[in-house]
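Below are two complexes that have subunit A in common, paired first with subunit B and then with subunit C.
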Partner chain A sequence: MVTPVPTQDPGAQPGSVPPTKRGLELIMLAFAAIVVTTALVLVELNQPQGVTRSVLYDGAAYLALFGAAHVAVRWFAPYADPLILPCVALLNGLGLVMIHRLDLADGASAASVGDPVPAGNLPHQIAWTTFGLALFVAVLALVRDHRMLARYGYTCGLVGLAALALPGLLPSAVSEVNGAKIWLRLGGLTIQPGEFAKILIMIFVAAFLVTKRDLFTTAGRKVLGMELPRARDLAPLLAAWGISLGVLVLEKDLGTSLLFFGIVLVLIYVATERAAWLVIGLIFFLGGATVSDMIFKHVQQRVTAWINPFSDYDGAGYQMAQSLFGLGTGGVFGTGLGAGRPDLVPEAHTDFITAAIGEELGFVGLAAVLLTYLLVVMRGMRAALTVRDTFGKLLAAGLAFAIGLEVFIVVGGVTKLIPLTGLTAPFLAYGGSSLLANYILVALLLRISHAARSPAASAAPRKPVAPLAEAHTEMVQRP
Partner chain B sequence: MPELVLQLTRAGFLLLLWLFVVAALRVVRSDLFVASGLRASLPMSRRGARAARDRTPRQLVVTAGGLAGTRISLDGRPILIGRADDSTLVLDDDYASTRHARIGLQGGDWFLEDLGSTNGTYLDRAKVTGPTRVPLGVPIRIGKTVIELRS
Partner chain C sequence: MNTPLRRVALAVMGMIVLLLLNATYIQVVNADTYRSDPRNRRVLLDEYSRQRGEIIAGGLPVASSVETSGQLHFLRRYLDGAMYAPVTGYYSLRYGSGGMENAMDSVLNGSDGRLFVRRLSDLVTGREPSGGSVELTINPAVQRVAYDQLTRRGYTGAVVAIKPSTGEILAMASTPSYDPNQLSSHDGAQQESAWNADTSASRGSPLTNRAVAAIYPPGSTFKLVVTAAALEAGKATPATPLTAAAALQLQGTTTLLHNFADEPCGPGATVTLKTALVRSCNAAFAELAALVGETDLRKQAQLLGIGQQDLAIPIPVTPSTLGAIPDVAALEQSGIGQRDVALTPLQNAVIAATIANGGVRMKPHVVRNILAPDLSVLDRTDPEQVGTAMSRFTADQIRDLMVAAENSYRNDGKIKGVSIAAKTGTAEHGTDPKNTPPHGWYVAFAPADNPQVAIAVLVENGGDRNLEATGGSLAAPIGRAVIGAALQGAR
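== the complex of A and B ==
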C-alpha cells in the first residue's frame, strides 16, 4: 500500500508546473464542515427541543466563511500548504460548537432557577471568527513576501515589547481581569495585547538571529562534551528571561511568561543547532520558577492548586477538581456531544474548553483534536525545513512551535500535568484576541509555506552566469 | 433521544473525527518524500535517453567527507556547493567556503566552476581556475569532501 510516487514531487519536474493542491484543501475544508455540522446536529439532538432546520444554515455559513478564506489563499498564496487551513477550520468549528453547547447549558441552568437566560458567548465568537478570517485574508494580501518582514524586525520588536508591557504598567482598573493584568479595556472591548506581541516578538527575534547568528555559534568552553557559548553571548537570552519574569511579576500571568521564554529559547536553538542553549535555558527556567514560587503569592496559589486540587476543593482547587471530574466522567469514549455536564467547570468556554471536549468526546476525541494541532505544527515545521531563506526558516519554526507550546501549556494545565496558567487553546477557546492573533499567525505560516513550495523559489533554473568582467549590473536578492 | 441512537451517534462522531485525521495524515504521507533538503529528482525523458544512458552523468555522489554516501540526481539544473544553506549540496566542512563551487550543464557536458573559494576546488589533482569539463568518475575535491559524477 505504501508506494512512494516520486512524480508527485512538486518542484522537481523541470518544465512542468508542480501541483498547488488547492483542490485537496477544498475537499478537506468540506470534510471539516461535515464534521462540524454533525457535531452541531448531535448537540441539538441531545437538547429537549430537538434539531431544527437552522442547523443546516449554520453549517453552510461556516463552509461559506472558510470557503472565502480558501479563495483568498488560492488568489494570494496558491502554493501554500493544503492542510493547515482545514485543520484550523476544524478546530475553530469544534470550538464554536462547544461554546454553543455551553451557552445552551448556561441558559438551561439559568432558566431552572428562574433567572433570565444570559445572552451567551456564541454570537461574539462568531463575530471574532469572521473578523479573524478577514484579518487572515488581509495579512495574506499585504505580506506578499515574508522576507519583507525582516526589514521591520526592530520596529516589530519595539512595538511587541511595548504591547507586552503595556497592561502591566497601566493601572489595574484598565488592565486587570480575574487577577491577571494582561488586558486593555477600550470602551466595551477588551483585548489582550500579549497575543499580538507574541507574533511581533517572534518576527524580531528571527530577524535579529539571522543577522547575529554567528555570534551565537562562537564556541566557548567545552563542558561534559558540550560546547558552551561564551558568557557575553548569553545577553539576549538573559534579556528574554528578564522580560518574561517581568511579565510574571507585573502582569501575574504564568502562561504568557512561559510562552515568551520558550519561543525565544527555541528560536535561538533552531538558529544555532546547539543543544547547550536548551540546557542553559532550562537551568534559567528552573531557577526562575523556583525563585518565583518562593516569592510570589499568585504563583504559590497556582502551584498548591496544582499539586493537590482537592485539599482546597471549595476554594482555589475547585476549577481544577471539576475539570478532573469532567475528564474522568468522559473516560475513553466520552459522554457524547451535548450529553455531559461540562458547564460545571468554571470558565469552561475559555481556559477549560479542552476539559469540556475531553468530557463529551472522551480520550479518543481529545486525542483526535490534539493530533489536529500536531498536524498544524508539523506542516509548519515542514514549511520551515523546505523554505530556502534563513529568516523564513526561523520564523516558520517559531510560529509553528508557538502553537505547539501553547497547546502543551493549556492541555498540560487542564489535565494537571503542569500548573494551570491561563493561556487559552488556540482556535478552540472563546476569546477575541487569541483568535485574531492566531489567524494572523496562520496567515504568515501559509505565506512562508507558499514560498517554500512554489516553483519560482525552489526550482527556477538559474540564468547562465556571464563572466564577471562582461556582466551587467543586476539586482540581486539576499536569501 | 433513545439510548441506542445516542450510543451510535457517539461512536459515529468519533469515527468521523478520526477519519478527518486519517485523511489529513494520508496527505502528509503523499509528500513526505520531498521534505528532505536535497531535491531528489526524476528520470529524464524516456525518449532517446536509453542510448546515452551509459555515458551521461545522472548522479552526483559524495564519496568522502562528512556527507559521504549522499547522492543527488542530476536533472539539468546547476548544482551549487558550499556552506550557504541555500546551496544544493550544503557542506558542513571547515575548509569549504560559503559559496564554493558550481557544477552546471553546458551543451551536453557538466562543467565545474570555482566561485572564488578560499581553499580552492580541485578536479582530480588539478586546481580549477576557469570552468572545467568534468568527466565521469573523476573526483572533485572541496576541502575534505570528494564528489564525483556517475551514470
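== the complex of A and C ==
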C-alpha cells in the first residue's frame, strides 16, 4: 500500500529549482481527452446511426476547455499537484459521456411511443462544466494564498450555516424536490446551497480548530486507557451533531447530514491527534442513527429498502433492485458503452450514474472510476502532509476527505453496501451545484498543493523573510 | 498532525477497498443471480432485438418470432397457443417466461454453447445473429386429441402420453389453458390483463401446468405401485389370497376403510390379488400394503421415480411424494393412494410406461433435437435409461392384471382390435372428502403386447359428474381416445 509520504523535501536542495511538473499534467490531460473521446465513439458506435465526425470536435472542445484550466494552473499555481486536474477532467468527461448516453436512451424510448424527443441533460451539464471551470480559474486567481481564507473563518462559517439551513427553513414549494428539501428555486434555476456550504463550513472549522486547538487537547478523565476530553470541550462537536440532525429532520437529506458530521469529526481528530474524538463521534453517530431510524419514516424507508430491496420490489425497493440488476448484468467487463440498458434505473444520470457505469463498463470500469477518485483523495492528502501551516493541513485534509467520504456514501448506497442517502458522485453526476462546488473545492486543493510543493512556500512557511535568491518569485504576480 | 493525516488517508483507502469488495460481490459473485432474475428486463429487452429460435412440433413451428416495425424488433407468435401452452410456455416482456421458452432459453436466444461456432461466424460475416430452434417430441395429432378431449366438456385436468421405449413425451395437455399470444403482446396493458386472468385462481389458474407442476392423490392407480412392490419383494403373487371383506378396520384404530360402494370383493372370505386389483378393492389393498411394509413400498416408489427432486423434461417437474407414513394405519391408507400420497400426472404416466417397457424406466423428455438457425441438427436427445424399477417378469404379471382390469371396465370408447392395459382411480381429496367431487384417473398403455404409448389422464373434481364421478367414467374415455390417436400415428 502506498502511503503518501513526501519523497523529497524541495527546500532541502537550495540552488536547484524543483520541477513544476506542468508538462506531466498536460500529457495526462491529453490522455484523459483520448479516453473520453474513445468512450464517446463507443457510445455512438452502439447507436443505430453510427459515428459522425462531430465526435472529434467534441473531443477537441473538451481538450480545449481543460487546456484552458491547465493554462490557468500554469499561471496561478505552477507547483500545484499535476495529477488532480487530469483525474477530475477524466471523471467529468466520463460523466458527460454517460449523460449523453442516457439522453440518447431517453430519446429513443420517447420516440418509440411517439412522444417528442426531450432536449436532454447534456447541454446543461456542458454549460455547468464550463461555468465550473471558470469558477475554478477565478478561485485560483483570487485566492493567491490559502492562508488568507483563515481570516474569513467566522464569516465563512456563518454564511455556510445559513446556506445549509436556508432550504430547510423555506417553504417546501421553493425548496422541495423528490422529498428532499435541499434546493433553492430562483426563477428557472435550481441550486443546492448545501454543496457550497460544505466548503465554507470546512474553511470555518479548519480556521476555528487552528486557533482553539489547545482547548481540545486538554485532558479530561482517563477511561480504558484513553484520555477523554473535558465535557465542556464537547460543545463544538455537539453543535456539529445537532446541525447534522437538523439537516436530517428539516431537509430529509441523509447524505449531507452524514457527510457534514463525518468531515467535522475527521477535522477535529486531525487537529487534536486524539482517537478519543473518533470514538465519541462514533457513539454520537450511532445514537443519532438509531434514534432517527426509530422516529423518522423517511429514514426507515431507506433502511428497509437497503436491507432487502426485493421485499418491496414495486415500491421503495424498485430503484435499488434496478441498480443491482444493472450491476449484475454488467458483470466483470460490462455490456459495453451504449449497449446496456442503464436507463432502466430511475435517476441514472444523477444519484445512480455509478450504477450506469458499473453496468456498461462493468466491475473493471467501476473500479477504475473508484481508483481515480482515490488518486485525487491521496494527492490531496499528500498536499495536507507536505504543506507547512496548520490551517492548510486541516483544510486540505478536509477537502480531500470530503471527496472520499462523498464517494463512499454515494457508491456505497448505489451498490447496497450502506443505505441509499441521495448524494451525487462528484464530477460524474448531472447537477450544476455539485459540479460548481466541487470545482471550487479542487481549486482550493490545487492552491494548497501549490503552497506545499513550491520552493518559495517551503523555504518561507510563515513570514516571508525572503532571501535574495528567491525574491524574484514574487514577481510572478505581475500581470 | 501528520500521523492522524496518514490514518485518515488509510481510512479512505479502506473505504474504497470496501466499495471494491462489495462491487466484486455484486458484479462477479452474485452477477448471475441478478442477471437471470425474471424481473430483470435487460436480458429480455436484449433478446427482443434478436431473432429468437422456433419451437417445432411435428414439423410445425408452434412458437416463432415475426419481425415488427416497433422498438422491440420481434413479436413472439404461437400456433394453437392454448393447446400447446403447457409445453411452449410463454415469453413476456413484463412477466418473463415459462415452459420451454424458459427451460430452453439459452438455445432459443442463441447464447447456448452449442451455437458457439455459429455465433462466431455471424460475427465474422456480419450476419444478423439469431437463436437456435427446439424440435419437440410432441405429436400434434395426439396433443390435439388430448386437448380437445379435456376441453370438450370443460374439464380441469391433464393428459400426458409417453412412448414407453424411449421416454419421449408425445402429448402434454393441461386445462384450463391460456393463450400465450396475449402474454407476448407488445401492448403492456394487454399483457397485464392476460396475466391477471391467467394467474387468477377463480378461473382455475390457467398458467399452472397441471401435468408436471401439480400433485394429486393417485387413488387406486397407486395400487399398481403396491402390487409391484409386493411382487418384487416376493411377498405376494397374483394368486395370493387377500381379504374379501367390504371394509377393513385400520390397525390400532376404530376407523373403517371401505371398498368402493361398500361392496365385498367376492363371495368368499378371500379373493386373489388379481381379483382385488381388477375390482380395485380397497380393503384388500390396505391389507396388502401392510403386508409389503413401508420399506419395500418406499423402495419400489423410489425406483419408479416418486420423490425425485430434480427431474426436468427440461421443464422442471414438481416432485411426487408418498408423504409421511408414521404407522400401519397410515401405511394401509397410503396403499390405496390416499392420505399424503401425491403424484403428478407425468409421474403416473411414467409408472405406466415403466411397466409397459418391461420394468425399465426411461427418462421422460420433450426435446427431440436442437437445431441451428438453418435447421441443421446440433444435438439430439438419446433415450436414457434411468434404471430398472422391476423385473420383466413382474412387469409382465402386472401388465396381465391391467389387461384384465381394462376388460372389466365399462365399454366406453374402446378401440377395436387393440388390447389395452389400464387402471382407473377415483381419488378423494379436500377437507370433507365424502362430499367433495373426487379426482378421476386413468393410466394405461397399449397395445398390451407391444406397447407404443403409455398415458395418464387426470380430471379434477369430478369433471361434469360431481360426486358420482369415477376414474372409469371421467378419465378412461379420454385416455382411450388419446391412445387411439397415438396408435394411428405409430402405424
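Keep in mind that, in the parts below, the second predicted complex is superposed on the first by the 446 of 479 C-alpha atoms of A that agree within 3 Å, B and C clash if a C-alpha of one lies under 4 Å from a C-alpha of the other, contacts with A are read in each partner's own complex, and residues count from 1 in each chain.
Keep this in mind: a contact is a pair of C-beta atoms (placed from the backbone, for glycine too) under 8 Å apart; a residue touches a chain by one contact, two chains touch by 3 or more.
Quantities reported herein were computed from a predicted structural model and do not represent experimental measurements.
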* Identify the partner contact of A:Phe261: answer first if only subunit B is touched, second if only subunit C is, both if each is, neither if none is. => neither
* Asked: When the two structures are overlaid on chain A, which partner does A:Pro86 contact: first (subunit B), second (subunit C), both, or neither?
  -> first
* **Touched partner set for A:Ala368, first subunit B, second subunit C, both or neither** => first
* When the two structures are overlaid on chain A, which partner does A:Leu45 contact: first (subunit B), second (subunit C), both, or neither? -> first
* Touched partner set for A:Leu385, first subunit B, second subunit C, both or neither -> both
* To do: In the overlay, answer first, second, both or neither for which of subunit B and subunit C A:Lys416 touches.
  => second
* To do: Pick one for A:Leu344: touches subunit B only (first), subunit C only (second), both, or neither.
  => second
* Who does A:Tyr430 touch here: subunit B (first), subunit C (second), both, or neither? -> neither
* After superposition on the shared chain, which partner residues are touched by A:Met28: those of subunit B (first), subunit C (second), both, or neither? -> first
* Asked: Where on subunit A do subunit B and subunit C both make contact?
  -> 4-5, 362, 371, 378, 385, 390, 393
* **Residues of subunit B that touch subunit A when the two form their complex** => 1, 5-7, 9-11, 13-14, 16-21, 23-25, 27-35, 37, 39-42, 75-78, 84-86, 102, 104, 106
* To do: Enumerate the contact residues on subunit A facing subunit C in the complex.
  => 1, 3-5, 108-109, 112, 266, 269-271, 273, 313, 321, 324-332, 340-341, 344, 358, 362-363, 366-367, 370-371, 373-374, 377-378, 381, 384-385, 390, 393, 397, 400-401, 404-405, 407-408, 411-412, 415-417
* Structure fact -> subunit A partner, complex, touching residues on subunit C are 1-6, 8-10, 12-13, 15-16, 18-20, 22-24, 26-28, 30-35, 37, 39-43, 45-46, 70-71
* Asked: If you look only at subunit A, which of its residues touch subunit B in the complex?
  -> 2, 4-14, 21, 24, 28, 31-32, 34-35, 38-39, 42, 45-46, 82-83, 86-87, 90, 333-337, 339, 361-362, 364-365, 368-369, 371-372, 375, 378-379, 382, 385-386, 388-390, 393, 458-459, 461-462, 464-465, 479
